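What follows are several structures.
Each of the next two complexes has chain A plus one more chain, namely chain B in the first and chain C in the second.
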Partner chain A sequence: MSDAAIFDQQAVADKVTGQSPLHHLSSSHKTEGVVLEEVPSLGYLTLRGDANDEAFRAGVHKALGLELPVQPMTLLQSDTVSIQWLSPDEWMIVCPGARCFEFESALHEQLSGHYAVVNVSGGYTMLTLSGDRALDVLYQSTAYDVHPRHFGTGKAVATTLAKATVFLRRPDDGKWELIVRRSFADYCWRWLVGVC
Partner chain B sequence: MFLIYCPYCGEEREESEFHAKGQAHLARPADPDNSSDEEWGHYLFFRENPRGIHHELWVHAAGCRKFFNVTRHTVSYEILETYPIGEQPRVTANQMEKPA
Partner chain C sequence: MTQPNRLAQGGRVNRDRPLSFVFNGETYQGYEGDTLASALLANAVSVVNRSFKYARPRGIVAAGAEEPNAVVQLGASEAAQTPNVRATQQALYDGLVASSTNGWPNVQRDVMGLFGKVAGKMMPPGFYNKTFMAPASMWMTYEKLIRKAAGLGRSPREQDPDRYEHFHRHCDVLVIGAGPAGLVAASVAANSGARVILCDEQEQMGGCLLSTTETLNGKPANQWLSETLDHLAANPDVLLLPRTTANGYHDHNFVTLHERVAEHLGDTAPEGMARSRMHQVRAKRVVLSTGSHERPLVYANNDVPGNFVSGAISSYIHRYGVVPGNQLVVMTANDQGYRCAIDWYDAGRNVVAIVDARPDADGHWVKQAEERGLRILKGQVVFDTKGTKAVQGAWVSAWNAERFALTGEAQLLECDAIASSGGFSPVVHLAAHTGARPVWRDDIQGFVPAAVKGQLPTGGCNGVYPLHQVLADALDTGITAALDCGYEASRFILPEVDDLVESAPLALFEIPHTKATMRAPYQFVDLQNDVTAAAIELATREGFESIEHVKRYTAMGFGTDQGKLGNINGMAITARRLGQTIPETGTTVFRPNYTPVPFGAIAGPHRRELFDPKRYTALHSWHEQRGATFEDVGLWKRPWYYPIGNESMHDAVSRECLAVRNKVGILDASTLGKIDIQGKDAREFLGRVYTNKWEKLGIGKARYGLMCKDDGMVTDDGVTTCLGDQHFLMTTTTGGAAAILEWLELWHQTEWPELEVYFNSVTDHWATITITGPNSRALLREITDIDLDRDKFKFMEWRQGTVAGVPARVYRISFTGELSYEINVQADFAMHVWQTLFEYENKYGLTPYGTETMHVLRAEKGFIIVGQDTDGSVTPEDLGMQWCIGYDKPFSWIGKRALSRPDTSRRDRKQLVGLKPLKDDVVLEEGAQIVLDPNQPIPMRMVGHVTSSYFSPTLNHGFALALLMDGHNRMGEIVFMPMPDGQVHEAEVVGTVFYDSKGDRQNV
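Let's look at the complex of A and B:
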């Protein structure tokens, strides 16, 4: 149990309206073989800690119900939460926005010592690409090798999309998730629409 | 494509994900309060500029955001090895002078 001061950062419907960084654009774009969509208002938590510390790993498992991915570039997910390996001591946790505070509190409850949990929900938004030609769109957009023999299901990397940084994830065979910075969301969206 | 091996990600990544951060293995004076201006000045401002093997600090800026070391040949630009922070290079200038 830590004494970190945290509060629920989720916008409350009747007081403040939460707005996607892409609110001024259409929330989906369909062309032949590709569907580009935004998944707005998810919860994002940055987790840092020592992956060699058994208590740390156990605490994360208890709080989220998922093992901590310690292999580079792996993505572990349940129905509600996903944990992405970002670096040997950093992970990105993505969950539904409404449950973000719950998971953040649970992590602070379970972890102790030298660790950090930061709610960065305001800083990111998620785009998804699906369809037969989704791969072609990615080939045009990132320098990373996204060919299925190199980028299998359950892999997640931090790389570049056009000239912006992106967390590129492949949660299942037919879908790609792109987590982009909110300030780059407009640029990434327009780039992807152009490529589609 | 110019690929660099990131020792933390464990695979070859595109060069545009990385930034060079200057000379590696700079030892901070152990006792800064009592170090001379000359010693401190050398630590802050004086850098090697060799023709040949150079050990450099790089960062995987768009990837895992970790710093690591690169041994690079300044004439051919060839990257001879990359290794994590805290480790010593396996390829050094002394080694290279010896005939193979």
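Let's look at the complex of A and C:
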């Protein structure tokens, strides 16, 4: 537990309607061989800490029910939560928006010493890309090598999407996840639709 | 329509698919499979252009990328205009329209030709820099005239209707060039399991196999070629890219390929298809199997249409069934010329003579020619051409190579085509793009690529020419590439080819004339840039000894040509004049692009709305609906002002300003940079990066902070709040958000890694809604559970609670000088809060305002904008912000040392002051220069400039902030701003706070 000031930032769902960064565009785009969709309103937590600290790893495991990935560019996931390795001391946790504060609190309960958990749910949205031609869309969008030989299932990287940044993940064979920043979401969506 | 030079059979064209096309206004017919060049030659179109400088008639010389003359303008419609297209590389399609880029009114009757004839004599090399440089001021005029006369094609004046794509590619082995060498290397690497990309610039893969008569495994080359291509195509890890030119070879094996996806189909691409595609390839190994270019020989009038390089003739015969003439004279210094003559003869046309510069030759192809009874003149050369618009004959003479002189009687051989072959130059252009200078090899009389890690030249590019040797060399290269990439090399069985004996070639570049070079007719070296042997000789006589200087003096190898045919000849001629060897003379640098690339392909999808990212806040759609005009701040789109009806900007801003001062305004401040800072050393870290003190800031409090770079100059500012004892939220300027986060990380990671602190960007997470003005408390009280009592929630404090039912942090800070609250909520819920506030719009006079009003209001209070009132050369003291510097802090914060330099305390530094124009209706121009005496002679001594200037509707007069030399000591003085229109504005130097100088209003 640190002294970080945390509070449940989620508004009560039946009283307040939240808006995703792409609320003004269609949430789904289908063309031959490609399906592009937004998954809005997820919870995002940035986790910082020392991967070499056994207690830290154990604390994360206890709080989220999931191992902390310590291999660079990997993604571990359960039914509710995923953890993406971002750097030797940084991870992105994605969970249902309504459970974000629960996981944030659990992490604070389990962790001690030098670490940080930051709620960044308002700052991101997730796009998914699937279909036979999904790779062609990615070849046009990112300089990172997404060829299946180089980008297997369970891999996740932080890279570029055209002129914006993206957390690019391959949770399973048939789907790519692209986590983009809120303010760049409109640009990223239009770019992807443009090259589909 | 007849095609006089088309053979009845043969070639890879489809005679069942005739295509009609227009060249220079005339309609012709060609076939599917033709290039524009082969179709023009089939139709006996000999003049395709006028030359760049001398306006001489020019015809097609080559069959590939090295073509210097047939550079045409393409496009039937205005929008489809494409300049710089080589006819030899442009596939023919039905309805193609092309025209010459040079020549007015047309290539047959060129007005400039007269000028060329007369003025050409007066335009020796160096003419431009000698004549047009003086006076220098006239250069722009001269340059326009020269450009217009030269005509290098033009860009379209209408919107390009086509789409262009960018692809990022990665592979183990990139093979450039799909001739025999490339095919073998690619096959070996692919069979070994490597990811392979094989690209080739021509319409069909195969390179020289497409026009050879040699057999592979005892069968025509075509069979092995199609089997090999089929095998490669069936491998899912092989990408075959035909019609794809490798244009730039950059560092670390990053290569740009330009794929002409639909350029062979029509003027514009079919629906749903891109016109062309740029592949940005990152490869572990690059195999350069780019082959070689045949060198023409340099002799008098060698530019008259009907002069060819010999291999081009073989290509036209075998690939397109086109023989460009009836009577051929071949001049050669090797056995290649014999192959061309044999192909011509076998096509049923007459070979007048093979003129071999060597005294004797007895190789395989020589014997083949002798068997056909062809006339061979040994020890002789073609030294001049008869004809102007078309070849009418070749002047032939015996010669003495050692004395470099003609001997004996000259004779005229009547003919309509001359082919020459001076040997081969490996295509080293790509290898040289990264800066590696090619290396001369005496044994092949040519430059080969220098050894560069990760780069594997093979075949012709490596100076290996006989087919059986090429295949063996490529096999080795393919194995090396596979092993280098970590694969076990697979077996590959090479096809059997005959080891044909070739007689030794002669190193020959230029041919002597009966007259000395300077007096002889033009002997062209670089046809595209009209560079002659005499020009090079003149350059050396004038003292230009470096090949780089000779190049710039003569223009040899400039522009789109990049010296493909002419450079080696030019170097050899330079070397002879300087009494040097070719390696001593060296080669010039070849630059990307290898052949021109359309701008559309370079831009790709990065155009129009996708040219650059546009960043939007969570409230953007509301601003749009409210009719806001937008201002670009970095990549952000921020509301600038919200005009009502036909309101002018001035009126809208005045209305917005008064609403804030008298009632309440609302601003979307979400773009401010926000950095979450956590850790037990967070407070210490803040003390080191800010100029002011942080150790005593309590939880619930906020403080303004100023940041300097290590040079002591202000770089950013903002309010940082204490959320927990080890938890802070830093705000930065909108433009500084990313740079300041990097700045913090830089100092943490490189200087103070022992401090336990983490920084995380939360800029996009929090939406920030500012309500400001006397009514803001009453407005907020309507929808919040936070106690807003003035003594319980004071200025520079923050509270947590709900606003409109949304969990929020509210900061009582002010950038307007009025009572203000900044409401921060998770961005998804910002619109709900904003709209809820607007339910009270009429009750409290709530008015949305944009960045312009924000600027006026902050300037009235003397609040700076970093980057507008500062420019990287301004210290906190220059700004009069000594109150924001903790000189006695225990740790030496960033910038402290620099602020103790004499320079940062000198009296005449420019300092921030207020300016009040003496006339109330004057609004000074931002950037206006300040002088102390308006009557001094020009150039006046400038002592400062206006940084921010507005009209204040509250004060009802213009006012400004300015940086003024020794400004803090000039209070009450009158300064002057002379303007370009002759007016001189006068203003009084005043303090920077124009409104509510005691700061009462924000504390109410």
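We take it that the second predicted complex is superposed on the first by the 191 of 196 C-alpha atoms of A that agree within 3 Å, B and C clash if a C-alpha of one lies under 4 Å from a C-alpha of the other, contacts with A are read in each partner's own complex, and residues count from 1 in each chain.
Keep this in mind: a contact is a pair of C-beta atoms (placed from the backbone, for glycine too) under 8 Å apart; a residue touches a chain by one contact, two chains touch by 3 or more.
A quick note: this is a predicted structure, and the numbers were derived from the prediction, not measured.
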Contacts of A:A5 with chain B and chain C, given as first, second, both or neither: second
Contacts of A:P88 with chain B and chain C, given as first, second, both or neither: first
Which of chain B and chain C A:A116 touches, first, second, both or neither: second
Touched partner set for A:M73, first chain B, second chain C, both or neither: first
Touched partner set for A:T159, first chain B, second chain C, both or neither: first
Touching partner for A:A143 - first (chain B), second (chain C), both, neither: both
In the superposition, chain B vs chain C on chain A residues touched: C
Partner chain in contact with A:S26 - chain B first, chain C second, else both or neither: neither
Touched partner set for A:T46, first chain B, second chain C, both or neither: second
Common ground on chain A, meaning residues reached by chain C in one complex and by chain B in the other: 143-144
Touch list for chain A against partner chain C, complex: 2-5, 7-12, 15-21, 23-24, 41, 46, 48, 89, 114-116, 118-124, 139-140, 142-145, 147, 149-150, 162-164, 181-184, 186-187, 190-191, 194-195
Residue ranges of chain A touching chain B (in the complex, touch as defined): 72-73, 86-88, 90, 143-144, 157-160, 165
Complex contacts: residues of chain B adjacent to chain A: 1, 8-11, 13-14, 16-17, 62-66
Chain A contact footprint on chain C (complex, rising order): 165-170, 195, 237, 280, 282, 605-606, 609-610, 612-618, 620-621, 636, 676, 678-680, 699, 723-727, 756, 758, 760-767, 800, 804-807, 825-832
